[in-house]
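Lettered A, B, C and D in written order, each chain numbered from 1.
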Amino acid sequence: MENVDALAAMVPDGAMLALPPEYSFVPMTLVRALIRRRVKDLNILTVPINGLAADMLIGAGCVASVECAAVSLGEAGLAPRFSAAVEAGTVKIKDSTCPAIHTALQATEKGVPFMPLGGLIGSDILNNRDDWKVVDDPLGQGHGRIVLIPAIQPDVAIIHSPLADRDGNVWIGRRRELATIAHAAKTLLVTVEAFQDESLLANEASAAATLPGFYVSAVAEAKMGAKPLGLVEHYAADTDEIAAYARAARSEAGFDAYVQRTVFGAQAAAE
Amino acid sequence: MENVDALAAMVPDGAMLALPPEYSFVPMTLVRALIRRRVKDLNILTVPINGLAADMLIGAGCVASVECAAVSLGEAGLAPRFSAAVEAGTVKIKDSTCPAIHTALQATEKGVPFMPLGGLIGSDILNNRDDWKVVDDPLGQGHGRIVLIPAIQPDVAIIHSPLADRDGNVWIGRRRELATIAHAAKTLLVTVEAFQDESLLANEASAAATLPGFYVSAVAEAKMGAKPLGLVEHYAADTDEIAAYARAARSEAGFDAYVQRTVFGAQAAAE
Amino acid sequence: MTYSRDEFLITAIARLLEGDDVRHVAVGAASPIPGAAALLVRNLKGGSPRVALIHGKATNPFTDGGREIFDAAGQGRIDVFFLGGVQIDGEANLNLVGTGTYPNVDKRFPGSFGSAYMYFTVPKVILFRPEHTRRVFVPKVDFISAPGVSDPDVERRGGPKYLVTELCIMAFDSARRRFRLESVSPGRTLEEVLDNTGFEFDIPDVVPETPTPEEDRLSLLRSSVGLEVADTYPAFARDVLGVAA
Amino acid sequence: MTYSRDEFLITAIARLLEGDDVRHVAVGAASPIPGAAALLVRNLKGGSPRVALIHGKATNPFTDGGREIFDAAGQGRIDVFFLGGVQIDGEANLNLVGTGTYPNVDKRFPGSFGSAYMYFTVPKVILFRPEHTRRVFVPKVDFISAPGVSDPDVERRGGPKYLVTELCIMAFDSARRRFRLESVSPGRTLEEVLDNTGFEFDIPDVVPETPTPEEDRLSLLRSSVGLEVADTYPAFARDVLGVAA
C-alpha cells in the first residue's frame, strides 16, 4: 500500500491523464496532491466529461491540453479556469463528444487501432479533428459514410473508490466506464476510502462490482478522497463548497487564494 | 410473469437464436420446452461457445445453421449430434472464433455496422467467411491489414438467471457477456430460479450485478432451470447426467431415447 | 390554478411525450424540467414510457457505465432525448461550445457532450431552451456541435422534432430544413417571437395558443410526481413544485 | 521419487514459465496440466506470475465477461497461453476443426475457440499435445484454425514458442518457420520422435534429455499446489496428484 503523495509522484510531467466523470469516483485528494507536486504539461482526457478536477489542474498551471466532451461544474455553472484558459489559448483544446471518447478507449481495450462510430458527420467537432477519419462504408452494404475514431491509450488514469482488498482488487460498482478506463490505461492509480481483508473476488456478488487487481498499478488510502465531490452511498457532494469554488475561480486571483487555502494550506495538511 | 412454455412460443421458427456459454446461465428448461414445441430452422449463434443446449436442439431437428467458435461438451467430450450433423451436412456450419462473436455483438450493441478485430488473417476461418472483410489500415498509420467483422443482431437470446425482480431486472453477476447479448438481441427471454420483491436496482451493490429490465422481453420461473448444467453458487453441473447424455447421443437412436425420456417423458412433465 | 413558468414548460413538454411512439425517454444531467415532464407522463400513462434520468439514482436504470445510454440510443432503444444550445439556428444546428471564432472562442461553454451522436440516433429530439432571444436563436451558429440535418449518404434515424422555449413551440421539418411555429405561449404574441428570433421560420395562418397547464397535472406535479422529481432534483422540487424530498 | 506422465509434463511446462517475461499466464478450459504448471511456478516464485484459470473460480480474476481474456490479450496483458490441436503441422499451423475436406469434414471436432486471435496476440504460446503421433503431427493441416506464421504486413506480436508432447519439447523459430528439437523425454529416443512426426524439423548435434521432475516440485504438487489445482480441477487433483479438495 502506498500513500497519496507516492501516487502523485507516479504521474510524470507530460502524461496523458484520464479523469472519470463528476459522478463517478473522482479522486480529489489525489488531484490536490498532484497540484502540490506541481505536475506540468498534463494532457487531460475527460471520460467523457469532468469538472472540478480538470478545472483546478488547469487553473494551477498543470495542463497543456484537454480532450473532452465537456468540462462543467454542473449545477454550479461553467468551469471558470477551463473557460478562461481555452478563451486565452493557454491550454490546447481538443473537442470531442461523449461516445467518441468511450469508443476511443474501447478500441484500446480491444487492442484495435480504431473503432467506427455513428453520427458526427457535419459537426464542427469532426471538422476540427484531423485524427478522425471519414470513410465510405467499407463493407459496401449501403450504410453510407462513417467515422473511424483512433484508439486512445492514456498514460495514467486515476480514480477514487469506496473499497479495495489486500490483493489490489477495487470496487467499482456499476461505474463500468472505470473498467474500460482501467483496461485502456498504461498505469492506473487508485485511492480508496478503506481496505478490507476479504477478497472482493471471493463471491460472485462482490466480484460483479470489482475491477481485478491486475489492472491496478498502486492503491493508497484517502479518507473522504472524493470531497468536495460526492461518492455514491458514502457521502453527497458538498454543493456549498463547489459553489464557493465556482465563485472564487471566476478570477485568477480568487482561484489562487482558493488553492492556497485548500491545496497548500492547513486544510490540505490534514489530508 | 410468463411460464416457460409461453416463452418457448415466443421463439419463431427460423429465428437466429443466441445461446450463452456452458458456464454462463444456460436455460436448459427453456431449451427442452423449445424442443417440445418442435421449433424449426433455428440459426444458432453460440456466444461464443456452447455445448449441451446446441447439441440437443441440433439432434432434435430444430436447427438449420450454427455459427460458433466451438460446440463441445467440455470434459464429457465432443458434442455428438453437432459433429454428426456437420459431418453429414444436415446443418450449415459457420465457423468463427470467440472474440469475433463478441465483437460482432458489440458492434450491434454500439449500433455500428462493423468492428475491426486483430488476428484472423491466414486462418481458414476467415477464408470461409465471405461476410468478413480484410482491409488495409484505413487510418494509414502503418498498422497493416485488419479484419472487419459485421454486426450480428440475434432475433432472440435466451438465458437462465438465479434471480429477477418484479420490474424485470435480472441478476447476471459478472457474466457481462449476458449484458452484451441482451443489448444486441431484438428479444431477450429469461428464466429464473426465483423472483424477489425488492428492486435489484435499489442499491449500488446489486445494481452492479443487474441487467436492467428494459432489455428484457419476458421472464418466467424455472426452478433448477439450468440443470443438468450448473448455476454458479446455486448448484454444480450434474456431470454424471452430462456423461450419460454424451454416451446416449453417440447414435441417433440413443439420442432419441434420451430426449424421449428427458424432454417428452414423465421427467419433463414435472418441469 | 395559478402556475409558474417552469410548471407551464413541464406540461407543454409533457404533451409532446404522450404518443405511443414514445416508449423510452432519456433525460441528461441537470435537466429538471424535461425530467419532470417525462415523470409526469409516465405517471399519467400508468408506467409507460420508461424514463431514464441519467444522473438519477432510483430513476437511473443503467448498469453498464457511461457508455450505456449512447449504446442504447445506437440500438434504437431511446425514443426521446432533450438537447439545448448556447446558440441554435434555423436549420436546427446546435452550438454548445462557445461564441466567436473556434478554437479560442470569445466565450467558452462546457462542450458538446453527447449531442453530436444523440442527435443522429434518437428519433425524437426535443430542443429545450427557455430563454428565447436573438442571442440564442441566431441566423447561423458559430460552431456546429451537432448538425440539424444531414446529407442522404449519412446514416441518420434521429433528429430535431420540436423546439420548446418560454415564448413558443416550433416543429422542425427535416426535409424543408426549417422550423414552423406551432403555438405561442399564453400572453405572448407572434410579434414577440419574430422580434426575438434571429432566423426565418414558417408561420401558419392561424397561430394557436399553447394550452395552459391542466389542473390535474399541476396537482400531480405538486404531489406524487413531485416526490419522484425530488429523488433526482431535490432543490428544483422544493423551489418550483413545493415538494420536499 | 517416482512420477507419472502427467507430473512429468507439468514440471516440463513449468520450466518454460520461469522467466521474468512471464508476468501473466492464462489457461483455457479443461487444461489441468498447463494449469497445474502455472500454479506451481506461481508458488515457487512467491506469487508471480499471475495465473488466470479461465473457468476457475477463486483462481479466475475476470469480471468483464467472456470477452475480457481476449481484450486483455489485445492489451498485451497476457504473456503466456496454451493451445493444442487435432492436427499441428511443421509451420505450427493449428487445426481444431476437423480432418478431411471442410466444411463437411470426415471427423468434426468442437471448433477453433479463440485460437485464431490468441495465437496473434500472446507473445509466448505453448503448444501442448501429449499424444505424439503422425495422426496429430502432419505435413499440412486440413484446416488452419490459426496460422503459425504471418506475412510482415499483418500485425502480430504473438505466436508459438514451444511445443510440449509426451515424447519431446520443440522450440519454434518464426523467422525460419520451423520447429527445432530441444530435448527428448527420459527413456525416449530421437528415432521415436522422428518416427512419430509427420513434418521435418531441425535437430541439434547433441539432443539433451528433458529433466525429470524435481523432487521439491513433486512434493509441492502433491500438497499445497495440489490443493490450489483441486479448486478448479478436482478430479485431476484427486486422480493424478492424490490431493482431495
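The criterion applied here is as follows: a residue touches a chain if its C-beta (ideal position, glycine included) is under 8 Å from a C-beta of that chain, and two chains touch if they have at least 3 such contacts.
Note that the structure is predicted; figures quoted are calculated from it, not measured.
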Minimal path length between chain A and chain B through chains that touch?
-> 1
Of B-D and A-D, pair with higher C-beta contact tally = B-D
Would you mind pulling out the distance in Å between where the CA atoms of chain C average out and where those of chain D do?
-> 58
Per the centroid of Cα atoms for each chain, what is the distance between chain B and chain C, given in Å?
-> 40
Report the inter-chain centroid distance for chain B and chain D in whole angstrom, where each centroid is the mean of the CA atoms.
-> 28
Which chain A residues sit where two or more other chains touch them?
-> 110-112, 117-118, 143, 146, 174, 179, 207-208, 210, 232
Multi-chain contacts in chain C: which residues touch at least two other chains?
-> 62-64, 70, 74, 121
What is the complete set of touching chain pairs?
-> A-B, A-C, A-D, B-C, B-D
Enumerate the contact residues on chain D facing chain B in the complex.
-> 29-30, 55, 57, 62-68, 70, 74, 96-98, 102-121, 143-147, 149-156, 235
Which of the residues in chain A come into contact with chain D in the complex?
-> 108-112, 169, 179, 183-184, 201-202, 207-208, 210-215
If you look only at chain B, which of its residues touch chain A in the complex?
-> 103, 110-118, 133, 135, 137-139, 141, 143, 146, 148, 150, 172-174, 203-210, 232-233
Hey, which residues of chain D end up touching chain A in the complex?
-> 24, 50, 58, 60-64, 70-77, 121
Chain B residues touching chain D - in the complex, by the definition given at the top = 21, 23-24, 47-49, 68-72, 74-75, 78-79, 82-84, 86-89, 93, 95-100, 102, 106, 117-126, 128, 143-146, 174-180, 232
